[in-house]
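To keep things simple, chains are lettered A, B, C and D as they appear, and every chain counts its residues starting from 1.
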Amino acid sequence: MTATDPDGLADRVQDGDLRIHELEDHADPDTAAEARRTLVERETDADLSTVGDYAFPAEQAESTIENMIGAAQIPMGVVGPVPVSGGAADGEHYLPMATTEGALLASVNRGLSVIRDADGADARVTKNGMTRAPVFRVDGVAEAAETVEWVDDNVDALREAAESTTSHGELLAVDTYVVGDSVYLRFAYDTKDAMGMNMVTIATREACELVEAETPASLVAVSGNLCSDKKPAAINAVEGRGRSVTADVVIPGELVEERLHTTAEAIAEANTRKNLTGSAKAGSLGFNAHAANVVAAAFLATGQDEAQVVEAANAITTMEAREATASPRSDERRSREREDGTTDLYAAVSLASLEVGTVGGGTKLPTQAEALDVLGLRGGGDPAGSNADALAEIIAVGALAGELSLLAALSSRHLASAHEDLGR
Amino acid sequence: MTATDPDGLADRVQDGDLRIHELEDHADPDTAAEARRTLVERETDADLSTVGDYAFPAEQAESTIENMIGAAQIPMGVVGPVPVSGGAADGEHYLPMATTEGALLASVNRGLSVIRDADGADARVTKNGMTRAPVFRVDGVAEAAETVEWVDDNVDALREAAESTTSHGELLAVDTYVVGDSVYLRFAYDTKDAMGMNMVTIATREACELVEAETPASLVAVSGNLCSDKKPAAINAVEGRGRSVTADVVIPGELVEERLHTTAEAIAEANTRKNLTGSAKAGSLGFNAHAANVVAAAFLATGQDEAQVVEAANAITTMEAREATASPRSDERRSREREDGTTDLYAAVSLASLEVGTVGGGTKLPTQAEALDVLGLRGGGDPAGSNADALAEIIAVGALAGELSLLAALSSRHLASAHEDLGR
Amino acid sequence: MTATDPDGLADRVQDGDLRIHELEDHADPDTAAEARRTLVERETDADLSTVGDYAFPAEQAESTIENMIGAAQIPMGVVGPVPVSGGAADGEHYLPMATTEGALLASVNRGLSVIRDADGADARVTKNGMTRAPVFRVDGVAEAAETVEWVDDNVDALREAAESTTSHGELLAVDTYVVGDSVYLRFAYDTKDAMGMNMVTIATREACELVEAETPASLVAVSGNLCSDKKPAAINAVEGRGRSVTADVVIPGELVEERLHTTAEAIAEANTRKNLTGSAKAGSLGFNAHAANVVAAAFLATGQDEAQVVEAANAITTMEAREATASPRSDERRSREREDGTTDLYAAVSLASLEVGTVGGGTKLPTQAEALDVLGLRGGGDPAGSNADALAEIIAVGALAGELSLLAALSSRHLASAHEDLGR
Amino acid sequence: MTATDPDGLADRVQDGDLRIHELEDHADPDTAAEARRTLVERETDADLSTVGDYAFPAEQAESTIENMIGAAQIPMGVVGPVPVSGGAADGEHYLPMATTEGALLASVNRGLSVIRDADGADARVTKNGMTRAPVFRVDGVAEAAETVEWVDDNVDALREAAESTTSHGELLAVDTYVVGDSVYLRFAYDTKDAMGMNMVTIATREACELVEAETPASLVAVSGNLCSDKKPAAINAVEGRGRSVTADVVIPGELVEERLHTTAEAIAEANTRKNLTGSAKAGSLGFNAHAANVVAAAFLATGQDEAQVVEAANAITTMEAREATASPRSDERRSREREDGTTDLYAAVSLASLEVGTVGGGTKLPTQAEALDVLGLRGGGDPAGSNADALAEIIAVGALAGELSLLAALSSRHLASAHEDLGR
């Protein structure tokens, strides 16, 4: 008789009878995970009891992991509530964040508190499109030009092919790029409430078959890195990927002084020297202080793809001292004071390529789904896409709060001491 | 009498008697978290029972989160074992990974399996230095030049100041950059087994006081973005941050064909068109396929800073077909076949700025500490720094496995179908 | 009586009676230039006799310079002839180049000679569009979204406004970008045989007035740097500016060995390590060896805008060893040898943003017009735009020749000695 | 008898008796150039009489061109004089510029005039080092680490080898970079008054031989693109190449209003939206308006390498409104008005990699040498390097003037109309 208990299964792997990734073929997922823990514990002397003390049936994680041994537990907190006036988001929201970065939630919460007292933030998704960019081999530039011309003339046929594979996705555009004997086609889709990488990969593969059938081009890879997924690429920073979203707020000068203990001018100066000029000198694609902290923590809490933090955190933070009553059309837009001697602060964070979804992937896991419930954004929105839009807008407001708080702290020289108090 | 039970505490917050971040002042951390869950559940109708079912005392998370409500649970698995011949790492290792990206561990495991059959990978940390770069204001370039000259002449004094704040950190260098009336000083430290951001922030703040005392420069922000933390910046890609680490392997042609179902030439071609030329055309700082997937999953499992995935995933993947017996000194280094008609594959991943630690921060959390035990790298190494070096080397080998597997899949046109089988 | 001879005019400037830029108001252009030389000679002890010995009436330079004192004389040579099979260019061409870089023309000529023996190069313009991107101020992202929506809905009206200012230019597209309270609109035009910067500036200014009239946006600057003119920007490298053009050639292995004294494999390896991997590590937007040398020298000779060399030289050079009879559709595209033991070399240069014209600007100056006559491309083409297309294609072939020659020299370790022989 | 007159020589080339680059072997340089013109005129119907009407003996151009046919004549003018208070430059200077960009000199001259009235500009060279970065092949990262360690331990031996080839150059540093099985060594030299590319190529080649002799590394190319020459690379923008130089000025508010017809706040806002935020969004390495115009024109006039404009024009322009009496140490650095209601403008241009020389290369040509005489900087300086330093500082002041003038024009909406008046 063949053992199917954790210890027996571990024996069988050690005996070479089974391979470590085949355990699920011989036991239910939880037992397989326990067997794998047992095996690893034997071979490494680690004690995996906390890793094994997870709070969901392993079966629910089957589509998100292989070789499961349990779960990593990342502390989760909430910040807010904050009023958001968005294109999709509306009203007051708590934002759940999971992180191991001490002082982060305190910092974001301080920023949100100031935003709340300034009557909330505006936010808008200004572009939307999940991309996949296959690379094709041709014989040379003559064939490349021929291929590009065919693609430009046959976007409708490509759309039909691509959309035949999906009930939700819509092909928005196909952009063409030629480098020597390589042709890159960047397909952009509206994937509604799904982050959509798998959807667009499958759809694009179908479209690629049409390209191969009708042109001299031969597919080399369904991703040719002009997508660009999980790499910090200017093409995303410029043209966007997923949602391009901006959040902004005008903070009355009085609040800047009383709550952030600085001035609009000082915070704007710090932003310019650090986030604009400093990042320029660093050859950076990121012109912000720590947008990644908020994006990563919100991604973890809500089941987004952690590796996409790389490009999702791409942000430009702008801050300016504003005359209280200035019209934007005024030619004389001086930075003048209010009657109380203060100047208002305009602050904005613009994220170029925030890839988020409220359906599929990690969003279905229990703790992540609960976090989406906190936001009221679990599952598909009505209209389709509105939940993901709203999630993007709220994360952007969170990032804005983080920027405000850190910039204020920096310009007040409090960063290191805050870490001393709250950090490790 | 004042309520200190979760429900009563939640009432008090709702009544405006307490603020949400003050709960820990009135109850133990677990009760405070429960009260906060209760409050959020009331206000949002979310059910946070799984978030609340965490497997560690909330007290242990106090230095890593504020406003705690529980934990995000991310499925964790293991890949390997794989033999690593590193500068610090040695022998066979399992690598724990936490992710919600279906098919990822299967892919990495396939790559590691091939590396194992090729007798393992080499790995080396080739640079090491955690950086912090304050920005100072001066009156103009005349004062900037004066400041830079003083810094260049007084590195020893700066070292003494900086190191007075830390028992472990060592100041390695101070690089100077001038832009108009801003002076940026990039301090680089050996932080041993700590990732070290807080350590270097505190040390640099101390050094900044000396700069302010001795030069006309005035500190604007302890981070001026030339560090560059949590932003994708060329300065990190070029000069490194944390560990610069490379892993590589030579895979016999026979293994490439039998196990990866492709050829060295085909995989090298795919790598060139996608990871080199494609990324070049995309204006990218990341010349790889999906190093971020492995870095993010290993970071989550082992308690690293998730937001640093932004720059930690910065990698260049190189692949080339190699004549089996080629001497690297040969001037005629043709890609010729072995007698069996196959050609070997050389594959490498070079990560420029992998910030890792085995002490402090999230590494102390229970599931994360257990994951470090799987690697045998929990806590400080002997010599100091060797555990963090080894962790960097093993993550690099994991990234290499991921690149091999995905490139092979792409060149075999299997990407989308793999996701169909294993994904969502 | 008021002096109008050079000496007298110089006196008057020195006496404060005239300002140095007002001399043309008091004398013909040549006399004014002489007076200015006289003045500068007096004040600096320089002898400007050669500068003053220019070969054209100063009047002809009036639209290209102010405060003229004469001319810089840059040695001009020719390379070629080379057969080009382009979308617009056809047949054999000499390429005039003006430079002070010793060994450059010899190098390019060697490359062209090999291309000629390989039956010439292919070339194609794969994109065309001169851009201007004004930046507008809005009150915040809510207004930004409103502005962007209006622009997207009113491209026809913008086209009408823009094209009302020009008899040749055609508006192709308007792309929108939002960063906080700034809105950038990138207008792209077909400017036919003109490089077109002034044309598109004037047309865009007209369109901006419509945007200001119909939206809350207020113009800050007619160029907001997303154009991007005379800066090395990824937006140009990715999306193109002016002409995106590729030239390529397949060189039989025998020629590679006999004429370039290397092998296809060796030159491809050098290209990968230097132009792809090296540039990747350098955080570069230029993945080539020295395309700028050819672009700059051809620009000088033919009257293009020298400052645009910055982005016009943006190029990716790709080189690969190719099996002589390989079909590009073959799944087994091994790098195999011909029967004579050699492997062919495929070489390509792809320039993303080559801004060229054959009418207007410096093309009207005498030596520059003569150089365009050498190419047979002076003035407007038939159809309109074909002369500028052909010029772009021929410059791309020149750049390809330069890359081939230098890569061959590098892989043969001849660079420094070539400079010793031919250089300074 | 063999013909040696131009017509006869042209016949011989057409008959296949001579090759076009061999003419100098059979006639003096001027006759050879005439023969070449004759040949090209016959084959293309171009009339090259103006190209042939150059003002110097062809012999003087022998080290700067091959296949000479004559000269391109580019209109040259002067701007200034302007007082410069530099590390090397001192006193009033005219700056010669050669360009075909109408309105450019008028614009720069306007800026210089304002700078002059503001008592001149400061300027400083803050870094200096000409670089060459060979790439070596090793077997893998184990050998790479070994090579890097050897280099770090043997900088003195490398210096001795490198400096054995040059009487002027001094090796400053060797930085090491590893990517897979490629090792890049970036050698930086003080080349004094020479731009120095050839000097450092020869010196580095010598050092490479030592590396090859003592380590397992094998040279692939003496330039591995981390130099980085004639490509827009972050490594230059961050670490510098040639001279890193900044020029700045404080312009009293009254002058800003009367002479530039704008305000400090308006020009600072335009600079931030365009040069900082706009360039950030464009994925640019150039954070300026048109520094390349000034750099290119000054390079042409003074015999610099035109292709190096690519990186030499890399600049960050910063502008800020400044309280007249503000101390830089003040924590309350508000942008307040003077008593006359105006605010001062601080403006700076920081060029990261300005490669210039006053000896060698094109500086020896007659018109270029005369232009250097206008600056008083022809030939070697005392101390060595001071002439090139001064040239860098003066060009930086010219670029600053160009930025001031264009930003003022943009913020006054005058760009397009200026071009209409002065342009084509």
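Throughout what follows, contacts are C-beta pairs under 8 Å (C-beta built on N, C-alpha and C of every residue); 3 or more make two chains touch, one makes a residue touch a chain.
Just so it is clear, the model here is predicted, and its values are computed rather than measured.
Novice: Count of steps on the shortest touching-chain route from chain B to chain D?
Specialist: Each step joins two touching chains, and the minimum needed here is 1.
Novice: Would you kindly state whether over half or under half of the residue numbers at the chain A/chain B interface are used by both copies, giving same or different?
Specialist: Here the answer is same, because the shared fraction of interface numbers exceeds one half.
Novice: To the nearest 5 degrees, please report the angle of the rotation taking chain C's Cα atoms onto chain D.
Specialist: Angle of rotation between the two copies: 180 degrees.
Novice: Distance-wise, how many Å sit between the C-alpha centres of chain A and chain B, to the nearest whole number?
Specialist: 17
Novice: Whole-Å distance, chain A centre to chain D centre, using C-alpha means?
Specialist: 41
Novice: Could you pull out the residues of chain B that touch at least 2 other chains?
Specialist: Within chain B, residues 137, 177, 179-180, 182, 234-235, 237-238, 269, 277, 279-283, 285, 287, 316, 318, 320, 333 contact more than one other chain.
Novice: Give the list of chain A residues in touch with chain C in this complex.
Specialist: For this pair, the touching residues of chain A are 85, 87, 122-124, 126, 137-145, 148, 176-182, 216, 218, 234-235, 237-239, 244, 246-248, 250, 283, 316, 318, 320, 328-329, 333, 346, 348-350.
Novice: Using the touch rule from the top, collect the residues of chain D that touch chain A in their complex.
Specialist: That would be residues 234, 237-238, 263, 265-266, 269, 272, 276-277, 279-283, 285, 287, 316, 318, 320-321, 331-335, 343 of chain D.
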